[in-house]
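See the structures that follow.
Shared between the two complexes below is chain A, which pairs with chain B and chain C, respectively.
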Partner chain A sequence: MERDIRILFSDTFLVGIMFANFCIDLFVTAATFSNLISSSYFLMIAPGSNFLTAMVAAFQSGRDVWREKYIKDLASYLFTLPVPRRLFAASRVAGGVARSVIATFPGTLVISYLYGILFSPKLVDAFVIVGLFSLGIVGLSMAVSAFASSIEVFATVRSAIQLYLSFLSTIFYPASLFPVIVQPIVETNPMTWAMNAFRSLSGQGSSLGPIAILVAPSLAFALLGIGCYLWYARL
Partner chain B sequence: MSSSTIQVKASTSPVGQVSTSGLVWQMARRDILTLFRTPWIIISRSMAFIIQLFVFAYFISGLVNYPGFFEYYAVGSVVAMVASISFIIGYDIFEEAEEGLLDYLLTLPVSRRQFIIGRALGGAVRSMIYIIPMFIIVALLEKFVNPVSIIAAVLDLFLLAFGVTGLSITMAVTVRSANRFDVTLALLDLAVTRVSTALYPLTKLPLYVRPIAPYSPVTFASTTVYDALVLTSLNAADLAGLIAFVAVFIVLGATIYFRRLEGGVYA
Partner chain C sequence: MISFEKAGKRFGTLDAVKDFTLEIRDQEILGLLGPNGAGKTTLMLMMGTVYRPTSGAISVNGLDVVKHPNDVRKLIGIAFQDPRVDGILGAFDVLNWHLKMTTTLGKEERAERVEQVLRAVDLWDARKKRTWLMSGGMRKKVEDCKVLAQRPSIAVFDEPTAFLDVPSRLLMWKMIRELRDQGSTVIVATNMMDEAERLSERVAIVNRGKLVAIDSPEKLKSTTKGGEVLELTVGVGQQFPRELLAEFSEVQDVTQTENKVSVYLTSGRLLLPKIVETLTNRGVKIDSVHLKEVTLEDVFLNYTGQSLD
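== the complex of A and B ==
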């Protein structure tokens, strides 16, 4: 896990670039939409910018696993390390989540400030939501990296997942806008759950319920990632 | 041996003279064929375009207070897609260097200049091959039928593709780390398309973006394409800006690539 985090910090430029991506998403795209639609729309879509950055950072973990396997030929060395395979696989997922939370740290602070929760205990909830969302995406990206035979296949599946999470979720519009037949797909999108959980932080009530909804799918995706990684390691 | 003609042994013909343009075309052809060997990229980009247009733009245009937003977005999304796809050549060049394939390519009987121009041309042509089906979808959707306007728009898109290819090559030979290159190119792609008027009108951009957006190469292209297709007019100022962008980045990309090849990082 420490190794994965060190990889992130071995190039602090990467963290800076990811923050720049977040800033363009928030201060250009979201701000433009607020001019096109209404000023309240900015706050509605703002958490989406941070989740998109988390998604990019989480997929970097899968890409690293893929590169270890096909480009750097490091996988066989890593599997000889004196660490039980299951623990090793779980630590890769945990390392990916830590990287994603670190990469989105400034973004989470910015969105928390916009939501007026920067100096309240709800800030912890904000990081928990980002962490849970990242857990699911890291698991998914590791599962994809285990089966992708080429970088093109990995990039295509990544792109398809990113499209689903971005455009078939409630980042930009409410689920009621979609045709009735598509609404269940939108309602069960992890991004929709993450957005709902984050939006609930600005209210007075407890946000425990919306956050709890994220736990089961994120854990399921993480287990899928671990399972695929172990399956690949056995070959 | 002059730089304009080089003796090559082609697989289908005995030793013969191949002109400069022939060698440049052979290099370009290789990049174009690479595209068809990796259909996954075509699938993913086409999927992105279709969802962006028929899901995102469709729903958002129902929410925004801007008449004709869908038409504006549809034309702009083709321009943004050309820019996005043209960046891919950089990934290819980076991977070739990383995997050691570049060493083989450099042993080919092609001069460095022809090699570089061929790569840039190949990148631009394959971007156009990618985009043509999407362009046709938008043209049918928006009922663009004027052939002169369509030809002018395609030429503008080609200029953008050529310039962005140069920019992508410049980045591929400048950035050393794979992860750094990946995110830098993604950022550059995001910056040139979002800080432009391709997808959103200038008057709706945030105040701090408005002074910069008109100078984005994607803005130059989207304005000239929009004017050609929708207003059926020629926007000479933006066309000049687009040509200047192409000239700067093709020369810059070629120069840096050339220096890196000769005793540089790849040596």
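== the complex of A and C ==
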């Protein structure tokens, strides 16, 4: 247990430095958006830009795994360390989630402030949503990287997934604005679920329902990621 | 004790290591000597649980590397041929992290050990410099220091002194010996004769994935074809009558590369005039003659098939 946390932290530390700039990015985006566009629209899309940042940060995990594998060949070094691989895989996922939660930390706070939930228990829910969303994406990106033979393949698959998650979701428009045919796709998009969950935070009443919808797919993707990583890291 | 039993590793259609059988004793320094592509790195990575042997078995202290990889990983420390360090970290952090992952040392003990090795290799002042900004030799030292600081019971160094300057090489050898004196079994892969000869107690010569000889450097030299070499340069394009020399019982072997002929023999001093006489009588034009003791290089060339026999 202690070791798990230690590894999580060392892993986060190892590559986490790269994410300082994400935070800056987010502040700038947030500031620009709120000045340019009316604030009600900002309220609607703000969680989306936050999720996009989370997505990019989370995908970084897969990219790291890929880089270790081919560019620096750090992988063979990491695999000689006496850490059980399952623990290692799980802590990489945890590290990835921690990183993307950290990367979106200011964004989440800003949006929570705008939603007026900064000092309510719902703030925890906000972080849980970002965390769950990141968990799924980290898992997905690790799964992709385990199979990608070149950075081009990885980048292409990543872009495809990112396009699907961002444009075929309710980040920018409500589902009703989409053509009828793609509406089911939009409705079954994890990003849509995450957006719904987040937006529900601003209203009254419980957001447990929308959050619960996120749990299963996120866990499934995380397990998929761990599984693929273990497959790739097998002796 | 580490034992390889007919271990093999196939990459596609290439046998990088084949039918490799060897026992490595506790607390010895074993040199793995072989030309580029011989399979040295592959051997070490199989032992280090990175590659799975495709045939045979490898065990470390009785633990099979495939069945108990995690137990084996606890025993081994590997300094890779090309440094595997995270570029954005400085030497101190790289080593500290390595110790954190491989040992049970507390924070202060770790810092102490890291300081000790970094000072020894003169990198203490550069401890915060990002490793990707370091020179090749500095980075290599950091890689070696990982294992020196870790003090694993089995320490593996893959060409530890590649890129190092002469004083640093001598120092690195000294530190590797000290590591052994503290109880580690040391395996060093190299393609440098002086490193194999001066550092290791036993040398295993590997060629094309196979073990071709293993013994102490002295024994290897003395048992190789008599212990002396007579090097002759003959006129270009001349047929060299090997069979003539084979009549001398002291001559063990004759090899030829272009117009350079090596005659492996015993008591060369006595034989030299006779050989020269026989050859000149036969009309062979001799440009130069040089008699010397067998070096590890001769042994190496002999075993790795550079000779014509």
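Simple rule for what comes next: the second predicted complex is superposed on the first by the 195 of 235 C-alpha atoms of A that agree within 3 Å, B and C clash if a C-alpha of one lies under 4 Å from a C-alpha of the other, contacts with A are read in each partner's own complex, and residues count from 1 in each chain.
Following the convention adopted for this analysis, contacts are C-beta pairs under 8 Å (C-beta built on N, C-alpha and C of every residue); 3 or more make two chains touch, one makes a residue touch a chain.
Since we're looking at a predicted model, the values are computed, not measured.
**Q** Quick check on the superposed pair: does A:D73 touch chain B, chain C, both, or neither? Answer first, second, both or neither.
**A** A:D73: touches chain C, not chain B.
**Q** On the superposed three-chain arrangement, identify whether chain B or chain C touches more chain A residues.
**A** B
**Q** Which holds for A:I185: it touches chain B only (first), chain C only (second), both, or neither?
**A** Neither partner.
**Q** Is A:R63 in contact with chain B, with chain C, with both, or with neither (first, second, both, neither)?
**A** First partner only, chain B.
**Q** After superposition on the shared chain, which partner residues are touched by A:L230: those of chain B (first), chain C (second), both, or neither?
**A** Touch partners of A:L230: none, neither chain B nor chain C.
**Q** Is A:S159 touching anything from chain B or chain C once the two structures are fitted on A? First, second, both or neither.
**A** A:S159 sits against chain B, while chain C stays out of touch.
**Q** Name the contact category of A:V215: first (chain B only), second (chain C only), both, or neither.
**A** Neither chain B nor chain C is touched by A:V215.
**Q** Have a look at where A:L114 lands relative to chain B and chain C in the superposition and call it first, second, both or neither.
**A** After superposing on A, A:L114 lies clear of both chain B and chain C.
**Q** Tell me the contact category for A:A94 with respect to chain B and chain C: first, second, both or neither.
**A** In the superposition, A:A94 touches no partner, neither chain B nor chain C.
**Q** Please identify the positions on chain A that touch both chain B and chain C, taking each partner from its own complex.
**A** 14, 17-18
**Q** Looking at the complex, which residues from chain A come into contact with chain B?
**A** 11, 13-14, 17-18, 20-21, 24-25, 27-29, 31-33, 35-37, 41, 56, 60, 63-64, 67, 71, 150-153, 155-156, 159-160, 163, 167-168, 172-173, 177-178
**Q** Which part of chain B faces chain A closely enough to touch in the complex?
**A** For chain B paired with chain A, touching residues are 38, 40-41, 43-45, 47-48, 51-52, 55-56, 59-60, 62-66, 69, 95, 98-99, 177-180, 182-184, 186-187, 190-191, 194-195, 200, 204-206, 208-209.
**Q** Of all residues in chain A, which touch chain C in the complex?
**A** Residues 6-7, 10, 14, 17-18, 72-74, 76-77, 79-84, 234-235.
**Q** Could you pull out which chain C residues touch chain A in their complex?
**A** 45, 48-52, 65-66, 69-70, 73-74, 76, 78, 80, 82, 84, 86-89, 97, 100-102
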